[in-house]
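Chain naming follows the written order as A, B, C and D, and within any one chain the residues start at number 1.
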Amino acid sequence: MEIELTAEQRAFRESCGKLAANLAARWHRGRGPHDIDPPTPGDDSWSRVVDSGWLAIGLREENGGAGASVVDLTVLAERLGYHAVPAPVLGAVIAAEQLQTWNAPPGLLQDLAEGGLRLAPALDAGLRTLAGAAENSLAWDAAGAEAAVIPATGVAHALGDALPFADPTRAVRPLGAPSGLPAITLTPPGEQALARLGAFTLSLLTADLLGTMQAALDAAIDHARTREQFGAPIGSFQAVQQLLADGHVLVEATRSASYHAAWAVDALPGAEALRAARVAKAFASRSAVEVCESAVQVFGGIGMTWEAPAHIWLRRAHTGRTVFGDEHHHQGVIADDDPHRS
Amino acid sequence: MNFADDPAEAGFRAGLRAWLRDHLDEHREGTGYESAESVERTLRWHRALAEAGYVGLSLPAAYGGHGLPDVYEGILNEELATAGAPASPPIGHIAHAVADFASEELKARVLPGLLGCAEVWCQGFSEPGAGSDLAGLTTTATADGDRFVVNGQKIWTSGAMWSDRCLLLARTEPGLARHRGLSMLVVDMRSAGVDCREIVLASGSREFAEVFFDDVSVPAANLVGERGQGWRIAMHMLAYERGPADMGWVGRLGRVLAEAREDVRTGRVAADAGLRLRLAEAAVDVEVLRWHVARSLAGRGGGSDGAAGSVDKLLTTRVEQNLYRVVSDLAGPSFVLGAPGPFADYLWSRAQSIYGGTQQIQRQIVAQRVLGLPRA
Amino acid sequence: MEIELTAEQRAFRESCGKLAANLAARWHRGRGPHDIDPPTPGDDSWSRVVDSGWLAIGLREENGGAGASVVDLTVLAERLGYHAVPAPVLGAVIAAEQLQTWNAPPGLLQDLAEGGLRLAPALDAGLRTLAGAAENSLAWDAAGAEAAVIPATGVAHALGDALPFADPTRAVRPLGAPSGLPAITLTPPGEQALARLGAFTLSLLTADLLGTMQAALDAAIDHARTREQFGAPIGSFQAVQQLLADGHVLVEATRSASYHAAWAVDALPGAEALRAARVAKAFASRSAVEVCESAVQVFGGIGMTWEAPAHIWLRRAHTGRTVFGDEHHHQGVIADDDPHRS
Amino acid sequence: MNFADDPAEAGFRAGLRAWLRDHLDEHREGTGYESAESVERTLRWHRALAEAGYVGLSLPAAYGGHGLPDVYEGILNEELATAGAPASPPIGHIAHAVADFASEELKARVLPGLLGCAEVWCQGFSEPGAGSDLAGLTTTATADGDRFVVNGQKIWTSGAMWSDRCLLLARTEPGLARHRGLSMLVVDMRSAGVDCREIVLASGSREFAEVFFDDVSVPAANLVGERGQGWRIAMHMLAYERGPADMGWVGRLGRVLAEAREDVRTGRVAADAGLRLRLAEAAVDVEVLRWHVARSLAGRGGGSDGAAGSVDKLLTTRVEQNLYRVVSDLAGPSFVLGAPGPFADYLWSRAQSIYGGTQQIQRQIVAQRVLGLPRA
């Protein structure tokens, strides 16, 4: 057993964090829900994303990628969550991974890796799984994306305007008519490869949730250290300490689950990896909401205002929880895994 | 033991229902604080209620009230919520502060406008540095001949942008520590030096504001009660702030619950067995809350101590936050996707454990004042 | 609305409390599970119960009772719970009420009211509802009882030895062969009367749970005031205060629910009363366990020992929760009350 | 990142499984502390493990240990629990205290008996007045020439009635406050003046005792480390008390969970959809706990700080108490009726938030030492 990030991964984490903070700082969430910047990155931001190689590293080398491990990718996803980055990196990475799994031609994947073609993943209307057909399906994390591909048909669909979504850092857009892109020749993957794709997706979402809850907790701790009431920092009160300590426990447990799920995608057969990822996503979904709610509580009144960042984390926790299935969804699958009589 | 209305209560309830049947349609657009128009609708609703005799129920008739027990305020709020009507004007506690402490002159001058809803009032208590620790507030009202000069800043002042008057808690006795140095004043919001800045909530609500006071002159005759009596009056207000409003809150939660059950019953919302059981659990909670609030309200004569109110607030928060957890799970993806209402309601449920004293402070009040546990 | 105990009810509460404390003091729970007094009351204790009129007050006057309200009976039940009285008063009262509902002859009911004949109620094997047949059924709160009657047949069954039961203050005994008692002629009640009987039973159990949780909370508060750690009473620590405050909230809410359920038995139609009682029993079942668990937590290590009373309350909370249906059972019924499609 | 065994770990695990296959049957009757016979069975099991080389895995070979990393202790405990075998002797932390601090003479004298399980040891830390506040203990060990004279009382001493020796934390420096005045001594439990009184738990367990020391004479050579070093040694022990034992605990919870799932799968227990979903939720918790504990254990070299242990303990308690809530609801009436095992297991799960420092204290440790929040 060897359960920690390597020195290289820690260095990568730091560089990801720097760019993520920079990207987040370029976006302004406005003075209220009536006044929000769209999450679409500007050209300058997008070229920084492309130059960083974030869109390429996860792809195999023959497809223009660096063949990085899923653990590496979750290091990135955690930092994106931590800084609540609005640029649609996860959407682009998941769309590319899906096409790679469906054996898309290397040229297309290279286009994605280089950010020239911007795709988003298509999900069913309940945002639970990757869509099998275009009808009623929704592209997620689709700000600035040109299209979303339905692998079963190879057709790239144009995307409509963003729908109202609780999370202002990510866009959800309905699939429309086929876009101008030529149809793509794809080969359906085997069952294990499909399961691995599911595990891959859930691992990234888990890491995003981990970063989100860590950010909310860190900010709440900072606030508790400095905000004074009754002549003392509120962080010196036992009731506040109990809340924050429980938050830390959940963050660390989620981190363990996230590491395990990411490791499993590369190390275990697809079905086992998917099970590990379901466990991690279910745990992260409930824990992220709980920790972000605690953070809002510690912030007090100020945490309920639009100008405080607390609600952005809470929104990202809730939407990250919903997308690709919340804890009830995955626990339902786990419950059904056991055949039963009653 | 009688949980049912007595004949007078039943008559009042029936009359109110009839009035709502006849008048609610005129106010279907609802109320709000997002814009001048929605504020105008809010005021129109409040004035209609006042005209029909439904404002100031528990205030003495001499000042424009109706001299009824608190339980009538509870019935009013419950019926409005159950009917899906906008809420009653939240002024009972302000009116009681003035009616029970102010001079005859001040009462005669301001109560008719307050109870007739001709004037809009707000309450200036919380400050950026004094939220849960209200006694630590720093806004000063310095005595200067026949006036006070107010300087400082208030926050979370509901409706401040639209108010004519403010019941202000400020420090008048700089020599006295914490709550002993406070007094209560009626401040004209049109006075020179009063400035409001809107606070937009995460839910999108624009009801609150920060209020800045810069050398605002307030006539000494606008002092409510005596100098240094401010804390006592504020605590007295707490008793009127909760009970009857709680019944309205229960009515609102009951409506949310009923809608959710109807959604499940009709199949509009797909609910697995687990969700249906959680909904039944929430239904149990809401019903128990209703009987508990009724007991609190019926059990007190005029006013109750604030600590018992903390018990009710903790219970309400627990029930509400659990209910919204279930309702949001029932909504599924439409909780986060599409119309922002459900998510805004959820955010509001999270505020319940903060506004009016955090859950942590409420528990401490219960532990120390009700259970008699020692202070640290 | 008039929601409080009358002066007479408060006086009755006090006298019940005195005798309940006395009965409890005569029973010793021993030095461990290997060394427990049975809950069967001695002759002297039982005659005090009979003399107090507890067995009679709830019955109608024509049946030798005093026609007291169900609120009065729950005043008694709450005090029995508070002192964890082992004498089988609730069992006897419920058995008598069941027979009165089934229109038993006045002479028999008078025997029960006078304590000459000692019966216990028969429940199904899951301890959820009053039994419809003798097979597999169990008499509850049956210490010292001679028999349990199955109303559908009018047959009184002898009772076997007490089964192992988590609560040492109450005996559960299997129904055996018909006892020597002559068969009783009974007339089945209507649906509303049966519903009222269900509401009656649940109201009494709710009050017993209320007393149990109040006793546990009171003792935990006392302990927190006197036990010192880190140079201060542990009750001065905010973390302990938070636990106890939440406990108090649950006790008061349960009291409101208990009053309402008891009032409803006499004031509302049977079906409505039963619904109110289900709500109260469900809420009391979960709350009693939560409050007793918190009390154990506040007691710390000592609360885990046999010699401390904390586990007796926790046991009584768990068994009172189970008997006549726990929160899941009643919430299940409430969920099914709404017809549904899914 | 590698959650799987490396080749050496895998080899150790395979060897252990083979050994269990061959020897577990001899110990099927289980272990316990209820009677002289069950204690004899316990000792026989411990000695069998020691003989097979499974005791003192992380202790230096020079003192009878095996010089392996902590993770091997974790594998041992996990495999024992998963196989349903009795637990390993809980002496790792005691052995580390002696091995890492005692004189060569003392080590040579006592470690072979401890690691060979020829002698039974207990740990005398908690006192009636010093539970969560261990630094407030009052048992004294007064220096008197070449010996200490011990007076006082310990509580929650596991296995005291059957022990040969006790590692005792006592106050040797009356002039120094709280934790600075403490030292660690090895006390012969057969000494004159040592008296044990059994504590029966609510669950029926008879493992614990109170121990009374009345002018008990202890040779000065039995001092572990230096005078005044007791607190430091006790904190050092904490690091060895949790991690590897946590793996055993996870194994045990995994077994409870697997049995419950099997009961549902086979229909032995009727579970509605709500219960099946709650069981799946508990399964998620237990799996996450497993990976978390593995990460804690693998991530530390030799020993870790106690505050990280508090995180693991809080997580374990949360997971365990939720699991037992589900398991007890699955059991239905047989949770309270019939064999007392399920209820006793549940009571034990409630003790997890108390023993070894209450949940409240653990949270405070995490808040102050890990998160850096200020002390009150």
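As a working rule, a residue touches a chain if its C-beta (ideal position, glycine included) is under 8 Å from a C-beta of that chain, and two chains touch if they have at least 3 such contacts.
Heads up on the chains, UniProt names are A, B, C, D = Acyl-CoA dehydrogenase.
Source: prediction; values computed, not measured.
Asker: Compare the CA centroid of chain A (Acyl-CoA dehydrogenase) with every other chain's and tell me the farthest one.
Answerer: When every chain centre is compared against chain A (Acyl-CoA dehydrogenase), the largest gap points to C.
Asker: Given the two chain pairs A-B and B-C, which is bridged by the higher number of C-beta pairs in contact?
Answerer: B-C
Asker: Could you work out how far the Cα centre of chain C (Acyl-CoA dehydrogenase) sits from that of chain D (Acyl-CoA dehydrogenase), in whole Å?
Answerer: Using C-alpha averages as centres, the distance is 40 Å.
Asker: What whole-number Å value describes the gap between the mean CA coordinates of chain B (Acyl-CoA dehydrogenase) and chain D (Acyl-CoA dehydrogenase)?
Answerer: Going by mean C-alpha positions, chain B (Acyl-CoA dehydrogenase) sits 53 Å from chain D (Acyl-CoA dehydrogenase).
Asker: Note the residues in chain D (Acyl-CoA dehydrogenase) that touch 2 or more other chains, in rising order.
Answerer: 272, 274, 277, 360, 363-364, 376, in rising order.
Asker: Where in chain C (Acyl-CoA dehydrogenase) do residues touch at least two different other chains?
Answerer: Expected reply: 237-240, 242, 328, 332.
Asker: Taking the touch rule as given, give the residues of chain C (Acyl-CoA dehydrogenase) at its contact with chain B (Acyl-CoA dehydrogenase) in the complex, in rising order.
Answerer: Spelled out, the residues of chain C (Acyl-CoA dehydrogenase) in touch with chain B (Acyl-CoA dehydrogenase) are 1-6, 69, 71, 221, 224-225, 232-233, 235-238, 240-242, 244-246, 248-249, 252-257, 259-260, 262-264, 267, 276, 279-280, 282-283, 327-328, 330-332, 334-335, 338-342.
Asker: Over in the complex, which chain C (Acyl-CoA dehydrogenase) residues touch chain D (Acyl-CoA dehydrogenase)? Could you list them?
Answerer: 31-34, 125-128, 138, 163-167, 172, 228-231, 237, 239-240, 243, 293, 296-297, 300-301, 303-308, 310-311, 314-315, 318-319, 322, 326, 328, 332
Asker: Would you pull the chain B (Acyl-CoA dehydrogenase) residues touching chain D (Acyl-CoA dehydrogenase) in the complex into a rising list?
Answerer: 272-274, 277-278, 376
Asker: Okay, in this complex, where on chain C (Acyl-CoA dehydrogenase) does chain A (Acyl-CoA dehydrogenase) touch?
Answerer: My answer: residues 237-239, 242.
Asker: Which of the residues in chain B (Acyl-CoA dehydrogenase) end up touching chain C (Acyl-CoA dehydrogenase) in this complex?
Answerer: 1-6, 9, 71, 261, 264-267, 270-272, 276-277, 279-281, 283-285, 287-289, 291-292, 294-295, 297-299, 311, 314-315, 318, 360, 362-364, 366-368, 370-376
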